[in-house]
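Two complexes, one shared chain (chain A), two partners (chain B, chain C).
Our next item is the complex of A and B:
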């Protein structure tokens, strides 16, 4: 890892230069603290957990826990439930942030205020958002009261303690991240590209479709991955505004239940590993798609 | 050559103005451009050239005035409905499209049928001699090649008007000369009406049929290269056209055509360009118009300070006894510390009134 002090031979360039050619030089030493940090705080617990998942407390061979997870519908379905929440939430967050960020990409009066308002939910945290949603969407909450008063509905619609409550909560907490990321990716695209397209006869729809969107797509893929991971591991909202023992029993609840309520740490680890693998599969799929896109410079400050 | 410009009679700018928060970047530009003409907007960085071009292209809304194409008012149209080709200073090539697709973009937007589109793209590609690079992406091209793509993309649509914003400013000196000839050749073969923006007076003089000299958003002079070069309208234009020496002196004697200035032990007789009769005035002289040694009239005693070697001749900076710097060129060998006598023919001394309009703002372009 350290730069070498090898003897330069007559024909070959010094080892130091050959290493530098491959991007290996002393600057890499700067990574050492980060790598130690990752090893101690992330890699070790992770590998420990993986090991634990293959040594079931009830015996039955290394794969007993994995078999148990996929045989037991109550456990297996948590995976499906999680996907059903995380995929739409991530997709909606990314799709909603595109037009919003596109409209707001140029400076205008009041831009800061608007951006701040959109970003406030980040600072609220999941618990506060969940409480707000309970107030607002509950059968006796303002929304139902208003709709009832307007005679738009006959009886309160159920929006909390079920799938919808969790989905709303995931969107509210996840949108600001998606929006900020999309915004920064957009600001990396040179605005004169759109001007050039305009002088060539492209209206705003064509400019968006043929210029901005293709240049933005790799960034959107990353945004989607991060939004998905954020939504996939979400736990408090499934508990607070969902139906944690039934329709919104997500995989993180199952892991929590196994490890900290039944004290089967091995099964808990197994569920956590399955969760990680499931996330990695989705991310790998998205990144594979991203690999097919143009990813070079987009002319802007990014 | 079937790439041909669409025809019109004239493009008229009528008091076109643009201001940014109270600061006028362009103040009442009046200009009529005939079909097939090559007009250069010339001025230093920040004088409003890009602003003017963007106003014509429709990329900036006007804050005053109007733009007419023959008898059609076009300043309300968005850029995509004006059909003017534009070459941007940074080229603005679409990085995710090949050279061929970049050039085809405008034709695709105009729904030109595929067969004709392909034919016209190939034509534009051979016009700028990029045939072997047609499948490459902009990131794989050199600056000069990118420049050619930008031009081909702008002309493939056969626009009635092509706007170029300092297209050569990012190129090195050799390439700049080469592309200059190229642009002139394109203009001649295609008969493209062109508005060309530059801060380089040599570029403007060599390319344009007509020059528009701008300063801080207002027009200083409009004329052919010969007119502007030989008869600058004021001190500012003279400074831009290579009159590097400016001596501000008192008017001693003035007739219709000639004026005599004096003061500080200096006496200069020159051409009365602005009908000056009294007060202060400025004598403008080009470095290459000085003659070393022969003291006929218009005599200056100069101490040599800096000598720059230029091959055939040298560029010398000297100083008058009063402390004012003098720039001149000579093929004589001079060394710092030498004392020389300079003279200049009176028809080569242009006398202007001291600057009245505000000094040029040192803004970024």
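Our next item is the complex of A and C:
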């Protein structure tokens, strides 16, 4: 608008109309509060953090923090520790969801109860899950007692304060999420496609392999991405049920430690940036693979 | 609501393919048994996790036996006093309610534009609203906490509220956009034809229609904020700790307090979350919601 103020009055409505034709009018002002908010509280801090990561507190050139991260094995290994937790957790959650969602995709009595129950662990959150796991999986906890009573093991197995505790907590909070997503993708596939295949004599294996799976695969890619993001940002449970100074020292713990315990905000931001980039690389790879898949209509509501 | 769950009439063609196996006969195929076995296994372990905490919070003493020696409820009053739970709950409620109100106020107009208009750069705007949900809270929380410390807001209630708004506003936008899309545009056009101004359309026509969606989004934001650990942890100070932070600190500092009183607090936390969840599920169906979210994220 400001550009048009100097113009003769006859062209002003014309410009307004031309802009309105392209979809720019006063209604877009409604977007402004949201955009300002995102810019001030998300983009600015994030870019500020990126800038901060290139100006190390100890000096040594803009890349000193990044060199430090990749040179220091204690810091570098947090990246692999995180991948070792997040990849298996996301894979288990997605792969277990496929057969279960496939079997339970049709309406049946109690389906709503089942989905309600599945939302519970998502609601409980990681802190409470961790507290519960600490007692349930403890050497004298119910799981070890049951296994001992069934003579499956001779002595209690250690499941908390190590890798397994964190993996279990990631599965308990992550599986319902992956399952519900997979279920909603499956319900977006038209069941008549499968019935048509069945009429032509395809068994359930062929139907699953050649009809359902190809239609489901793009959805599975998204499910995997979201599950991976959830698992990759593991923080409280790595502290509580893990071994936060050793085998489950994940990258978010390293970032927190650097920023808010050593007050090296620059190094903390560096680790946060590395964490974001690593996560985006995985997501980009999965989405690139997704781009090669069938993207046509699946016939359903999805 | 959902067609998949409530629709009592099964698709007739689909029935011929699979119903004999999953429907009436009691003897299922091995695959069905395996799937239900896995579901049962998951829920048995989940129940173990939840009930361990519940039983422990009610026990006098519990060392290495199946069930504790005796039962008591005094850990609850202990926890209430020791952790100063009433003031913690007030802080939690203040944070959660402010986040809900502000995020709806900011998010709703934006989602209206995103649902109704096409304009250059719309995909970029959508991406901007998607990023705070996709990027792990720790990754942007640390720079955010740094900035908040710089402007002396970290540690205060305002700082915690601001930090929690970052994922909440995009969440409102992403849940409300598909909700507004499904409202017939003819209603608005009719109102405009009768001479209603934009404000009148917004408050007297769209407003009442949007109430269910606003309620659903609000409750989801409420649940997320009460449960949001990372951002609150990074930005809270002694006077602005929410329930989940107090719980975390006491689980981490195990040994200082009796485990039962920490468990009692965990049960208080669980109970409040479950109440919110039950209320939330009266308004929404989880599978429907993720379908809508999916459509947005892939658009």
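Things worth noting here:
Keep this in mind: the second predicted complex is superposed on the first by the 265 of 302 C-alpha atoms of A that agree within 3 Å, B and C clash if a C-alpha of one lies under 4 Å from a C-alpha of the other, contacts with A are read in each partner's own complex, and residues count from 1 in each chain.
Throughout what follows, contacts are C-beta pairs under 8 Å (C-beta built on N, C-alpha and C of every residue); 3 or more make two chains touch, one makes a residue touch a chain.
Keep in mind that this is a model prediction, so the values were computed, not measured.
Chain A has more of its residues touched by C than by the other of chain B and chain C.
When the two complexes are overlaid on their common chain A, residue A:206 makes contact with chain B while staying clear of chain C. Of the two partner chains placed by the overlay, neither chain B nor chain C lies in contact with A:59. By the touch criterion stated above, A:110 is placed in contact with neither chain B nor chain C. Once the two complexes are overlaid on the shared chain, A:294 sits against chain B while remaining clear of chain C.
After overlaying the two complexes on the shared chain, residue contacts for A:255 are found with chain C alone; chain B is out of touch. Shared-chain residue A:73: touches no atom of chain B or chain C. Of the two partner chains, chain B and chain C are each touched by A:198.
In the superposition on chain A, the residues of chain A touched by chain B in one structure and by chain C in the other are 192, 195, 198. The touching residues of chain A, when paired with chain B in their complex, are 190, 192-193, 195-203, 206, 210-211, 214-215, 294, 296-299.
Remark: chain B residues 57-59, 78-80, 82-86, 88, 90, 92-96, 105-106, 109-110, 137, 139, 153-154, 157, 163 touch chain A in the complex. For chain A in complex with chain C, the touching residues are 22-24, 27-28, 30-31, 33-35, 37-38, 41-46, 48-50, 52, 96, 99-100, 103-104, 106-108, 111-112, 114-121, 123-136, 140-143, 145, 172, 175, 180-181, 183-185, 187-188, 191-192, 194-195, 198, 218-219, 222, 229, 232-233, 235-236, 239-240, 252, 255-256, 259-260, 265, 268-269, 271-273, 275-276, 279, 283, 301-302.
On chain C, the positions that touch chain A within their shared complex are 3-5, 7, 10-11, 13-14, 16-19, 22-23, 31-32, 34-35, 38-39, 42-43, 45-46, 48-50, 52-53, 56, 63-64, 66, 105-107, 109-110, 112-114, 116-120, 125, 128-129, 131-132, 134-140, 142-147, 149, 162-163, 165-166, 169-170, 173, 198, 223, 227, 229-230, 233-234, 244, 247-248, 251-252, 254, 259, 262-263, 266, 269-270, 273-274, 276-277, 281, 285-288, 290-291, 294-295, 297-298.
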